[in-house]
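Each of the two complexes below includes chain A, the first together with chain B, the second together with chain C.
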Partner chain A sequence: MRVEYINPFVEAAFDILKEVLGNDIQRGELYLKSTSQAVQGVAAFVGLAGNVEGRVLFDMSMETALAIASEMNGETLTELDDLGKATITELANMITAQAVTKLHDLGFTFDLTPPAIFTGENMEITDNEVEALIVPVIVKQGKIEINVAVRERT
Partner chain B sequence: MKTKTDFPSINERKPDGQGDGGQAYKVLVVDDSMFVKKQISQILTSEGFEVVGTAGDGLEGLEKYKELYPDVDFVTMDITMPKMDGISSLEKILEFDKEAKVIMVSALGKQDLVKKALMMGAKNYIVKPLDRVKVLERVLQSIK
Partner chain C sequence: MNAVVDRAETAVIERVENIDFKMVTFSLAGKDYSIDIMKVREISKATRFTYVPNSLPYVRGVYNLRGDIISIIDLRTMFNLPLVKSEKKSSDELIILRLDGYLLGVIVDSIEKVVGISSSAIQPPHPIFGDINIKFIQGVVEKDNKLYIILDVESIFGQNADNVEVVPTQYTSKVAYTENKPEEINMGFISETLRTFSKFNVTDLNNKWVENRFEEWKKLKGKNSEDLQLHSERDSEEFLSRFYSTDTGRFWSEEYRNLISSLLENNSSGTIRAWNPGCGKGYETYSIATLLSEKFKEASIKIWANDKDLMSISNAPNLALDKQNLPKYMDKHIISVNSKSQFNQKIKDIVLFEYHDITHPNTFPTVDIIVARDILSFLGYSEQLRMIAEFQEKLVPGGLLIIGQNEELPVNDWKKIKNNNITAYRKIV
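And then the complex of A and B:
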């Protein structure tokens, strides 16, 4: 998988997270996986289809999701209820919308699905014939992994 | 202690969400995200605006506008929504009331759609993530 695909998502995530959560954001080491990967407790999933195709996952623990949703709402959420899920969905929306503009400028054209939220324990994701690139982003609420598996359509 | 009229305050200011007569400006909030609806409503009500209706898609937004009309001063309209998107809803609202004041709400990266909406007659636009100061500024520019 080409690294050009993931950079716009990481840059957009930095911009948006900085704006909604504050300034303390660090980037972890990028890594590549070609097999199944464990998914943490909460994952926002966005599909891409066009001259590139695949999916992006914003993956975090339930504690991190709750802390982020609480911060964005200005109130403490103790469970990931409809409002909490809508908040994480909106976060994924804002990041992908901005990343897509950058990718379109680079000549990639594709449509996005609305984000879907997965929650649960012991989940994993498998991408057939596409490797996933993962960039962990660390905010004060915890770690969000930006997990991108995209390929050119043949 | 007598009434507070005995102590005129030099800091008193009319909330921006109220017109010259002290009446609250009435807003219809159209957005499919519960989070964004809540965020916009909180920002506006904190400044004295009155949220008279909310809708979760463009079609419902259009219906609510017709129902509320003429007791609605402006609309905040998301762009990407199910059933009917914000651009089509804007178009239909303007067909119904060519004086309608509609403010588009969009994530970054939808510049073309925002431009289209402005050409069609939207009064202004707000980019997400929402910033309180910017939201109020754009809204006030649009309704005055």
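And then the complex of A and C:
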């Protein structure tokens, strides 16, 4: 993954999460992954198109998703209903959009696809021949893994 | 008496029960091979296949099998086996395979018969069998004094095997490329500790250097085996300190750059592509970029540089230095930004720095030059093999591969160019 793309995603994730969930945020070590990976339970997915092809995946457990959606809505949600799902989707959209805006300022132009959300147990995601950058973020509601796989169009 | 009958009966029962695997046997270049009968739909004789333009060399064409159009693959060409031209034969022998929802015809020298065996008699493949890469072999079995190699057709023709023709069979069979496990105990310790402390793997790639260095080391440290051993990362780095190529981790000196320059052949294609795996902080990459942009003024140049160390590579795209740290020959590519020197936009546009692990899929197209100095030795044994094969695949014919000066490719299908401090290879056309 192009070095210039890394910081905008990390910064955007921090800025937005700080804004919506408060200050208590820690970052785990960044790393690369290429094989298929298990998804924890709730995965919000935003596709990228333009000069690059790829996607950003926000992966968290159901408990974390519920806690984050509850915090953002100011009420306690007991199941991930339409409101909860819309909230998580919106969070993914906000972070990706801010990263893309930052990248636009650096001269890289991409477009976003509308976000989608996947929920379920024992899910696994496989992108053939794509290496993903994993940005683990720990908030007080739990852990969110931001999984960015972007490659240049050749 | 009864006991004898019983035993004979049990033997018969055992034999009947045991045959649980049937295979179609055939010969390829004089050797016996077989395929699991469950994968075979039928056998057939055919001739005059319809040629498909621009297909891979081992695709003989398509064939109309009672209304089904199937592709025909010549196994002999696919595995680079000699074609036995027989005058008598007017048609080819075909095995029609039924694979995951589609049919495929393969041509072999001659189909023999169906042989039933016990699946427990199948033994795992050994690299010395056959001229076919071991990963395509399901196993080996002996029957009536003949040794049959059972081909794993799923892995040969499966979805992920579309690059079959580039898998260099000779790495496993013809050339003994081994992970060295030396007899001598001290040397064994050295290999072991180099791996532990510096992730340096002693294989045929660097064995010569390690042995020479060990002789030096003995002179340096004395005969006492306790003193000879590497006790820490520092010892191991000291041992390796002479391993690294000239100008590692800094810009190339003018002298070194001229040496490299002399290896580059004129290229009229208009595009030059290079790959610099393990670029670290990017000094080497910029040395290559400035060299190529001067040498090939008209060409459009692209360099893919990658490293899996995020800290090293993160500053590479916007490397800013004090002017005195840059070699003089780079002056014309430098602009001054906030009293620091940076490379101009033209050079920056040439290079694409990526945070990337080369053992993961490398998705860029073929390249003319690969500069991978002192990278391979720090990969595991099987990864080294895989990367050498990948270098071969990624280079255009005649392309240049530069590896560390103390490394040596243990395979002989490259043309070696040894030039003082440079170990380089050209891919044979």
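The criterion applied here is as follows: the second predicted complex is superposed on the first by the 153 of 154 C-alpha atoms of A that agree within 3 Å, B and C clash if a C-alpha of one lies under 4 Å from a C-alpha of the other, contacts with A are read in each partner's own complex, and residues count from 1 in each chain.
As a working rule, contacts are C-beta pairs under 8 Å (C-beta built on N, C-alpha and C of every residue); 3 or more make two chains touch, one makes a residue touch a chain.
Predicted model only: the values in this text are computed from it and were never measured.
Put the two structures on top of each other at chain A: do chain B and chain C fit, or clash?
Aligned on chain A, chain C fits beside chain B.
In the combined three-chain arrangement, what's the angle at chain A toward chain B and chain C (CA centres, steps of 10°)?
150
Which partner does A:V100 reach: the first (chain B), the second (chain C), both, or neither?
In the superposed model, A:V100 contacts chain B only, not chain C.
Is A:D24 touching the first partner chain B, the second partner chain C, both, or neither of them?
Neither partner.
Answer with first, second, both or neither: which of chain B and chain C does A:D111 touch in the superposed model?
Touch partners of A:D111: none, neither chain B nor chain C.
Which of the two partners, first being chain B and second being chain C, lies in contact with A:E131: first, second, both, or neither?
Touch status of A:E131: second partner only.
Looking at A:A86, would you say it contacts chain B, chain C, both, or neither? Reply first, second, both or neither.
First partner only.
Touching A:L32, do we find chain B (first), chain C (second), both, or neither?
A:L32 sits against chain C, while chain B stays out of touch.
After lining up the shared chain so the two structures overlap, which partner does A:E63 touch, if you call chain B first and chain C second: first, second, both or neither?
In the superposed model, A:E63 contacts neither chain B nor chain C.
Comparing chain C with chain B, which touches more residues belonging to chain A?
B
How far apart, in whole Å, are the nearest Cα atoms of chain B and chain C in the superposition?
Here the least C-alpha separation of chain B and chain C stands at 24 Å.
Can you list the chain C residues touching chain A in their complex?
By the definition above, chain C touches chain A via 308, 310, 313-314, 316-317, 352-357, 360-361, 363-365.
In the complex, go through chain B and note every residue touching chain A.
33-36, 38-39, 42, 80, 107-111, 128-129, 131
Which bits of chain A are touching chain C when the two form their complex?
Checking each residue of chain A against chain C gives 1-4, 6-7, 30, 32, 34, 129-131, 133, 151-152, 154.
Which residues of chain A touch chain B in their complex?
Going through chain A, the ones touching chain B are 16, 19-20, 72-74, 82-83, 86-87, 89-90, 93-94, 97-101, 114.
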